[in-house]
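Here come two complexes built around chain A, the first alongside chain B, the second alongside chain C.
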Partner chain A sequence: MNLPPERISMEELDLLCERRRASGASLPAYVGPLRRHVAEGDRRLLRLQYDASPAAMRLWSFLLTEEERLHAARAAGVKIVGTMKDLGTVPVLAYALPNVVAFYPDGAWWTPCLMELSDGLFRIAQLLGFGEAFCPVRAMLGAFVNRAHFPIPDLLTCSAGAVCDDFSAIAQCVESLGHPILWWEIPHRRPPEPDETAVELPGGFSAPASQVAFVRSELDRVRSALEVLAGAPLGASELAAGVAQANRVRRSLAELRRLAYTTEACPMPALEMLIAEMLAIHFCSDQAETIRVLADLTEEVRRRVKEKHGVLAEDAARVFWVNPVADLRVMNLLEDCGGRLAGTEFLFSHALDPIPEDLPPMEALARMALADPMVGPSTDRAARIVRDARAFRAEAVLVSRIPGASHCALEGAVIARVVREELAIPVVEMEVPPVADSMMPTLRSQLEALVETVLERRKR
Partner chain B sequence: MIGAGIDAGSRALKVVLFDQERGRTVASAVRDQGTDHDRLACELLEELLRDEGLPRERVARIVATGYGRRAVSVADATVTEITCHAVGVRHHVPDAATIVEIGGQDSKLLHLNPDGTVRDFAMNDRCAAGTGRFLEVVASRLGAGLDSLGDLARAADTPAPISSMCVVFAETEIIGLLASGARRENIVAGVQTAIASRVAAMLGRDVVLPVIFTGGVALVPGMAQALASALAAPVRVCPQPQMTGAVGAALIACRQASA
Partner chain C sequence: MNVVYSSPFVPPEWIAAHGARPERIRPESGAATRSMAPVAGMCPYARAMIGEVLASHDGEVAVFTTTCDQMRRAAGWVALEAPAPVFLFNVPATHATPAARLYLDELHRLGRFLARLGGSEPSRDKLAAVSESYDDRRRQLRDALGILAPREASEVIAECDRNERPRLQGACCSLPHGIPVAVIGGPLMRGDARVFDWIEEAGGAVVLDGTESGARTLPTPFDRRRLRDDPVLEIVDAYFGRIPDAFRRPDDALVAWLRRELAASGARALIIWRYVWCDLWAAFAARAGELAGLPVLDLDVSGDEGADRRTANRLQAFLEVLR
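Let's turn to the complex of A and B:
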C-alpha cells in the first residue's frame, strides 16, 4: 500500500491500522490502534500529528507497548536490567546475553507528558523532595514507587561521575527506596596531556589511554554482574555478536538520518524521527524488533525519496535540533511553523556512531562510553553539532532547554557561541517544559520567528 | 499606498497606518488590551481610518503581529514581533545593531545583521521578572501609578537589592522591605535594576553597539539608565518605543503589497 505522505491525526492513523489488519497484512502482534493507549491514560496522543504510513504505525505501537513487553518478559522468566543514566553502553552488553532484556527507567520522564500529568508521577517525586526545580527524569521515582509502569528490574545499573547532579540525586533516592544499584563510574572526558597516550574515540574525539582503561575496568564489573544475573558467561564471540547487532541499529539509523535530513523534500516528520532516534539507546526493550522497525521506516523513507514525495513544503526552514523535548507536540509545532528537521543532537550522538568492531569489544565499548557528549566539555558537544549541522546543511540551530535539567542549563550559550563563530547561522534557545500547553503561544512565536529569520537570510 | 500594522500585545493593542510613498506614519493609536483582541483591533483600525478620512480601500494590506496576532481576523498576514520590531526599530534608527524590547509580558533581545535583518534573538520566555509585568506588580504593591515610577526612581538614593529571579519572590521581598522601612523610591529603583539585570543576563557578552531600547517599558523613566548600567554600555531609547512593532508590521505590509 503506497500512501501519499502526509501528517494525520490519531484517529486517521488508527483507521489506517484497522484497514491494514482487514486487508490481511501480516503485522506484529503489538501493532494496534493507538486509542487503546489513550484509554490507558496517554491522552496526549490525541493531540499529535502522525506520519501516515504503516511504518510509522508500527513505530508508535512498538514505542507504546514497551511496558507490556517488559511485563511479558518478567512473566516468562527473562531477567530485566534497568540501565540508568546510560545512553547506549550497558544495553549492548545485556542484549549480548541470552534471556536478558535491558530498558531505560529514565525514559519514564515522558510518561507525565503523554498522560498530561494525570498519572501523578511528578506528585510522588514531589513528596520525595524532588519538585519542579529538578530534571523531569524525577518521574522515574514515581514509577519505582507506584509500580504502575515498568516492572522492578532484577538488576539496576547507573553511571556516576561525569553525569548531571540532578540525576545522581534522583538515582540515590531510588536506591534509598530499597532498589540496590550497581554504580559504575564514568570520568569527565579530557584531552590527553602531551606525555599521555592518546586514544581515538568514536565521533572524532580523543581521551587519554588511562581514562579508557579505567572505564573498561568499570564496564568489566558491570559485565560480571550481568553474567551472574544471566547465569551464563558472556564470551568474546557473544560480545562481538552483540556489538555487531547494536551496530545494525546504528547503521540503520545513520541511513535513516542521512535520507531524512539531507533530502530536499522532507521524507519523514520530526516527531517520528525523534522516536526512531531514541531507539538507539535502549532498543525499546527488544533489540531484534528495533532493527525490523527501523528497516520498515527506512524503506518507507527510501520510497518517498525515490518518488520525490515530501511530507512538508519544500522551502521549509532547515533546523538542526539540540536536546530532546518531553512535550512531543513541539516537534509538530516546528513543522506547523514552516520548519523541518535538518539534523539532531538529542544528547546521545555517540550512540549513533558505530562501535568499533576492529577492537576487543570491551575496549570498543569503553571508548564509545567516553565519547558520550554529556561526559565531555560543552565545547566538544558544540563541535559535534557544528560538524553535523554543516553536513545536514542546517540553516539554523535550535537549542531546546529542559527545565531543571542541569546538563543543559548553561551549555546552550556555549553551543550558540561556537555555532555562530563556525557557521554564522541563527541560534535560538527555547525552554520546553514537560507539558507545554501554557507555553505554546510563546513557543510558536519563537519558532515562527526562527523560520522568518531563515527565510529572510535566503533572500540576502 | 498605505500599509497597516496591528500589534496585538499582551498589555496594549497598537495600530499604525504607514504611507509608503511619503515614507512616514500617517496615523497611530494605542489602546489597553481587553479580552477580545479581534474586536478591539477592528475597532481601532476603523477609528483611525475614520479620523484620518481614509477609505478602507486605501489600505493595501494589513499585517498583524504580537502575542495575539493570530486572533486578528482583519489581517492579511501575520508576522512575529521579533521580525516586526527589527524592521520598526531600523526604520527609526538605521544603524541599530542590538535591540532590547521589554513589553508587558515578555522581553526580547535581537541581534541584527548590518543590513538590518535579524541575526538571532532570545526571549525571556517563562518568568515575568524581566518584563513590564514586574513594574505593574510593584506599582500596585506601592500604591503608585505606572507613570509615577520614573519620578520615584529618580528620587532614589540607594536602590534596594531585589531578586531578578522571580516576580512572586520579589513581591515578597518588597513587602519585607516596606515593613523594614525602606523608601518607596529605593524599592522602585531596585525593581528597575532587577529587570535590567535579568535582561542583561540574557544578552551576556554579546553586546554590539548601538543598543536600542524599545517596547512599552522603554517609556518608563529610569529604565534606560538602569539598562545602560546593567549592560555597561550606552543605551538609546527608540522613538515611539511602544509603537515599533506596529510600525514594523505596517512597513512589512507595504513591502508585501508591493511585491
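Let's turn to the complex of A and C:
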C-alpha cells in the first residue's frame, strides 16, 4: 500500500491500522489501534500528529505495548532487569543473556505527558518530597510506588558518579523504599594528560586508559550480578554476540538518521524519529523486534526518498535538536512552525555510535559507557553537537531544557556559546514541561522566531 | 602558589605537602554576579564559587570536585572563562574498593598537576610530617568546638579551612540555651554562620552543626602508625573512606552518621540547610523526617540579598511550633 506521506491524526492512523488488518496484511500481534491506549489513559495520543505509514503504526504500537511485554515476560518467568541512568550500556549486557529482558524505569518520565498528568505519578513523587524542582524523571518514583506501570524488576542497576543529581537523588529514594540497587561508578570523563595512555572512544571523544579500565571493572560487577540473576554465564562469546546484535540496531538507526536528516524533502516527521532513536537505548524490551521495526521504518523512508516524497514543506528550516522533550507534542509543533529535524542529540549519542567489535566486548562496552555525552565536560558535548550539526547541515540549534534537570542550567549556555562560535548559526534555548499546553503560545513564538531567522538568513 | 577549593574531600595536607598553600573558601554570595553564569536552575553556591574563582589573583589555582553535578559543570564554566588553572577532582560516589583506588589515583593526579605548576612531589616522610601537623591542628579544633558557641565554632572552622591559625586562645564555654536543634546540609557561604545567631534569637540552640562547612566533614583523626607507614592510604581512608555526604551511593554512611549524632546531641528538631536547586540535599530533606524521627525544617536558601529576612522568619516560625 503506497500512501501519500503526510501527518495524520490518531483516528486516521487507527483507520489505517484497521484497513491493513482487513486487507489480510501480516501484522505482529501487538499492532493495533492507538485508541486502546487512550482508553487506558494515554490521552496525549489524541493531540499528536503521526506519520501516515504502516511502519509508523508499528513503531507506535511497539512503543506503547512495552509494559504489556514486560508483564508477559514476568508471567513467563523471564528475569527483568531495571537499568537506570546509563542510557544504553547495561541493556547490551542483559540482552546477551538468555531469559533476561532489560528496561529503563527512567522511561516513566514520559508517562505524565502521555497520560496528561492523570497518572498521578508526579503527585506521588510530590508526596515523597520530589516536586517540580526535580526533573520529570521523578515520575519513576511514583511508578515504583503504585506499581501500575512496569513490573518491579528482579535486579536494579544504576550508574552513579558523573550523573545528573536529580536522577541520583531519585534513585536513592527508590532504594530507600525497599528496592535494592546495584550502584556502579561512572567517573567524569576527562581528557588524557600528557603522560597518560589515551584511548579513543566511540563517537570521537578520548579518555585515559586508566578510566576505561576502571569502568570495565565496574561493568564486570554488573556482569557478575547479571550472571547470578540469569543463572547462566555471560562469557566473551555471548557478549560478542550481544554487541553484534546491538550494533545491528545502531546501524539501522544510523541509516535512518542519515536519510531522515539529510534528504532535502524530509521523509519522516520529528516525532517518529524521536521514538525511533529511543529504541536504541533499551530495545523497548524486545531486541529482535526492534530490529524489524526499524527495518520497516527505514524501508518506508528509503521509498519516500526514492520517490522524492517529503512529509513537510521543502523549505522547512533545518533544526538540530538537543535533549529529549518532556512533552512529545512539541516535536509536532516544530513542524507546525515551519521547521524540521536536521540532527539530534537526545542525551545518548553513545547509544547510537557503533560499539567496537574488534575489541574484547567488556573493553568495548567500557569505552561506550565513557563516551556518554553526559559524563564528560559540557564542551565535549557541545563539540559533538557542532560536528553533527555541521554534518547534517543544520541551520539552527535548539536546546530543549528539561525542567529542574541539574545539568541544564549551565550546559545549555555552554552549548549555545560553542555552537555560535563554531557554526555562527542561531541557537535558542526553551524549556518544555511534561504537558506544555499552557505554554504552547510561548513555545510557538520561540519556534516561529527561530524559523523566521533561519529563512531570513537564507536570503543573505 | 595558592590553591582555592571548597570541597571537604580535597585534603589540604596533600596540597601543602606539594609546596602549595591550600585555602578552602566559603564563597561570598555577592560573587555570584561575577560568574556570568545563568541564574535559572543554577545553584547559588556554585554560581558564587565560580564568581570567587574568576576574581582570583594571578598564581591562584582552583580545585573543583565532582561531588555535585553543578559544581562539576562549574569547573568547565570557569575553564572557559578564565585563564587560571582549574583542576577537577573526581570524587567517586560509590564506596567499593575500586572507587577508593580511583580517589587515590586522583590524589596522585592532583599532585602531578601541582608539580607542573611549580610544586614538588613530597617524600613519604614529608607527606607524613605535614599530615601530622594538619591532624594536630584539627585535634585542637575538635577540642575547642565543644566549648564554642555554634557561630564561633563555625567561624573557627572557616579560619582553619583558610589555612589561618584559628583563634582558639581564650575560647570559653558560651553554649546557648534553648530548644536543641541540629543543622545539617550543604555548605555555608561567607557570613552564613549568622544563621546560628538567628536560631538562637528565635529560641533555639544548635547542638549539632552537620552542614558541609561543619564538623561533619572533618576527616577522622589519622592513625599515626599507619600514617608513617603509608601516608597516602591513610589520607584516602580519612577523607574518602570516612566523610559522610549526601552524594554518596548508597548514602548509608550519612544516614548512620545522622542517627548516631542526633542521638548523641539530644536534638529535638532538624534543620536542613540547602540551596535552591540543590537536588542532593533536597532529596535528603525529603527523607530526613522519617530517618531522624524528628520535626524537620527544609530551609532552602537562595543567597540573594533580602532573602535573609525570609530565612530568619522561617526559623522563627519553626521554633515557635516546637515550643
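Methods note: the second predicted complex is superposed on the first by the 460 of 460 C-alpha atoms of A that agree within 3 Å, B and C clash if a C-alpha of one lies under 4 Å from a C-alpha of the other, contacts with A are read in each partner's own complex, and residues count from 1 in each chain.
The rule is short, and it goes like this: a contact is a pair of C-beta atoms (placed from the backbone, for glycine too) under 8 Å apart; a residue touches a chain by one contact, two chains touch by 3 or more.
Quick caveat, the model's predicted, so the values are computed rather than measured.
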Self-check item: Most chain A residues touched (candidates chain B, chain C)
Solution: C
Quiz item: Between chain B (first) and chain C (second), which does A:Trp183 come into contact with in this model arrangement: first, second, both, or neither?
Solution: second
Quiz prompt | Touched partner set for A:Gly161, first chain B, second chain C, both or neither | solution = second
Exercise. Using the touch definition from the top, say if A:Val427 reaches chain B (first), chain C (second), both or neither.
Key: first
Quiz item: Is A:Val414 touching the first partner chain B, the second partner chain C, both, or neither of them?
Solution: second
Quiz item: When the two structures are overlaid on chain A, which partner does A:Ser210 contact: first (chain B), second (chain C), both, or neither?
Solution: second
Quiz item: Looking at the overlay, what does A:Ala133 touch: chain B (first), chain C (second), both, or neither?
Solution: second
Exercise. Name the residues of chain A shared by its contacts with chain B and its contacts with chain C.
Key: 413
Self-check item: List of chain B residues in touch with chain A within their complex
Solution: 67, 79-83, 106, 113, 115, 117-123, 125-126, 204
Quiz item: If you look only at chain A, which of its residues touch chain B in the complex?
Solution: 403, 413, 416, 420, 426-431, 439, 441-443, 445-446, 448-449, 452-453, 456-457, 460
Quiz item: Touching chain C in the complex: which residues of chain A?
Solution: 128-130, 133-134, 158, 160-166, 168-173, 175-176, 181, 183-185, 187-188, 190, 193, 195, 210, 214, 217-218, 221, 377-379, 401, 404-414, 417
Quiz item: Which of the residues in chain C end up touching chain A in this complex?
Solution: 37-38, 40-43, 66, 68-70, 72-74, 76-77, 79-80, 88, 90, 92-94, 96, 98-99, 101-102, 105, 109, 112, 247, 249-251, 276-280, 282-287
